Amino acid sequence: MVSTALTLSDLAFLAKGAGVTLAVTAVSVLFGTLLGVIFGTLRTLLNAWTAAPMTFVLDVLRSVPLLIQLVLANAFQSIAGFGWQPFTVACVVLSLYTASYCSEIVRGGIEAVPAVTRRAARSLGMTWTQDMTQIVFPMALRVSLPSWIGLTLGVMKDSALVLWIGLIELLRSSQILVTRLQEPLFILIVVGAIYFLLSFPIARLGGQLEKRWREND
Amino acid sequence: MFNYTFHWYQAFRALPDMLWGALVTLELALLSMVLGIAFAVLIAVGRNSEYAVLRSAAITWVEVARNTPALFQIYMAHFGLGAFGIHLSPYVSLLAGITFNNAGYLAETFRGALRAIPPTQTRAARSLGMGPVKAFRLIVLPQMFRIAFLPATNQMVWAILMTSLGIVVGMNTDLAGVTQDLNVRTFRTFEFFAMAAIIYYALAKTVSLGARLIAWRLFRY
Amino acid sequence: MIEVTGVHKSFGPLKVLRGVDLTVSPGEVVSVIGGSGSGKSTLLTCINGLEPIDAGLIRVDGTEVHAKSTDLNLLRRKIGIVFQQWNAFPHLTVLENVTLAPRKVLGMARAEAEDIAVRQLTHVGLADKLRVFPSRLSGGQQQRMAIARALAMSPKYMLFDEVTSALDPQLVGEVLDTLHMLASEGMTMICVTHEMRFARDVSNRVAFFKDGLIHEIGSPAQIFDAPIHPETAAFLNTAR
């Protein structure tokens, strides 16, 4: 057996960190998805010029490192005197970050619905709203779900970066323990395993969904 | 609300230093891609190996790279390897971490590209008298290259973005590192990091637009 | 000469060939007809060594195809094969598709290979498509390109595996015309086909294939007008 100074209370400390990771992820994915659906749908409805400002901002959010976005947002909220907690800053930044990717997934999903299918729906006398809710969204959901699961896992992994603005999530908790116990390798392996356990089963589920749906097409 | 005066002039004066940092960022990203591609090919070979040890090592690499944070992978290189008496500089830790990540994702890209080419292509090549190596090199590989090209350039953009994580392990010569140094000296966080954001954006866009241009020139079929 | 003697071949529990005998002499055109999934195509891929066999013997010009000492790459140079799915190499132009094997397998200089390729492509009616990528061609054109690609290796024998089955009906004619032309030039050919008119008009002999065996082989007139085997007659009735 590996002898270690890691105690049960240290493990509880790590679990608390994992809780923060999950909380940030859950909040960001929830709001990010809501915004992403709105932005993504808008992009399919508006013409390219009208949508350009939104498209640009979303593109910037995907092309600037998340760490830099966190630092900028944190600096901005203190300049503006919002007085936000690190948790709030983390959730705001990660939500927008999620929304930028989610909007692409939603747009791709909607555009994957063949025009003939939509014409068929309208020719049956469905209204635009019925067409969207009964035909387009269900079909787009099928196309988008595997990527959306991938996005969720990506956000969970990327949420590690919020440690830089002072939030004690899973990776930061491990660092604190490393400093105290001086067992970097062992503690990091434990943390890696926790991330892996959170991520891998869902990743496999997503992969399987994708495979099953592709076979049925 | 804003009792703060922005000092953009200071940020502009630091621009040359930051641009030098951007060069280091590019160098890191490029190196990590070249090494990443090499390791990805080894992983792909390992996955098809007859030795179970090599097969599981390849699969473990891919799954760890894809299922843990990139920052964790950099930590492993920087702090974790210390347990074996290996102490890497921030630059090398960062390079090792990103390379590990790139290799894991690229291995999957290559595997997908290989599977996308129908086996009948090899069959047709073999029926013309080509040996297995020739058939792979002349028929399969060029088609794989096309399928994997854009995903690989996306990974390059990711690599550029990932280099910013270096500041967490004390990297101070790349774009994020230089910016952080300036920040610590002057506390003009917003100005400097806004400037850095613009440079990162320009780098990322140049790579992805350049890649699309190359793809358009290269793949005319 | 192609000699097939007592060839057996199984895919797992499925017995595809169950003792096939067939001899094809130089200059001869043999058509193989029969129901889908009867193993006709497998026979062709066994002849050029793309598939191993379980028992029996296949010899091409006296060389045993499945002997360990046989250099299959060398042997395949004299046996051209065209598949049902044309398998154009999508990353190469029509001209490059045809010059690739002569250059890389036979070691021919580019100019010489291009001469041959242009001649073969003109032969199959694609002289105006040299610089085009296959994705811009119709199925019939791609299939004719595949024929030119095989011919550019100057094979002694050509094997055609249902080359018109995957084509739209209106494109079948142009490919059959190409095969017609080859036959009239004296090429030795084995054609697995569903086109009865073609089999009757072009072949020296027609073989009826069923359940992994050649049930009957003879002149087109005999097979089509006076089949001996009741199975042959039954098949021809449904095929017409």
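Going by the order they are written in, the chains are A, B and C; count residues from 1 in each one.
The working rule: a contact is a pair of C-beta atoms (placed from the backbone, for glycine too) under 8 Å apart; a residue touches a chain by one contact, two chains touch by 3 or more.
Because the structure is predicted, anything quoted here is derived from the model rather than measured.
Undergrad: What chain lies farthest away from chain C once each centre is taken as the mean of the Cα atoms?
TA: Result for the farthest chain: A.
Undergrad: Where is the C-beta contact count highest, in terms of which two chains?
TA: Per chain pair, the contact count peaks at A-B.
Undergrad: Could you please state the distance in Å, as a whole number, between where the Cα atoms of chain A are centred and where those of chain B are centred?
TA: Their C-alpha centroids are separated by 20 Å.
Undergrad: So the centre of each chain is just the mean of its C-alpha atoms; given that, what is the distance between chain A and chain C in Å?
TA: Those two chain centres are 55 Å apart.
Undergrad: For chain B versus chain C, what separation do you get between their C-alpha means, in angstrom?
TA: Averaging C-alpha atoms per chain gives centres 48 Å apart.
Undergrad: If a residue has to touch 2 or more other chains to count, which residues of chain A qualify?
TA: Residues of chain A never touch two or more of the other chains.
Undergrad: Give the list of chain B residues in touch with chain C in this complex.
TA: Touching chain C from chain B are residues 120-121, 123-131, 134, 138-139, 142-143, 146, 219-221.
Undergrad: Spell out the part of chain C that touches chain B in their complex, as residue ranges.
TA: Spelled out, the residues of chain C in touch with chain B are 48, 50, 73-74, 76-77, 80-81, 83, 85, 87, 89-91, 100-101, 104-105, 133-135, 146, 149-150, 153.
Undergrad: Which chain A residues qualify as touching chain B in the complex?
TA: 60, 63-69, 71-72, 74-76, 79-81, 153, 157-158, 160-161, 163-164, 171, 175, 178, 183-186, 188-189, 191-192, 195-196, 199-200, 203
Undergrad: Within the complex, which stretch of chain B touches chain A?
TA: That would be residues 1-4, 63-64, 66-72, 75-76, 79-84, 157, 161-165, 167-168, 176, 189-190, 193-194, 196-197, 200-201, 204-205 of chain B.
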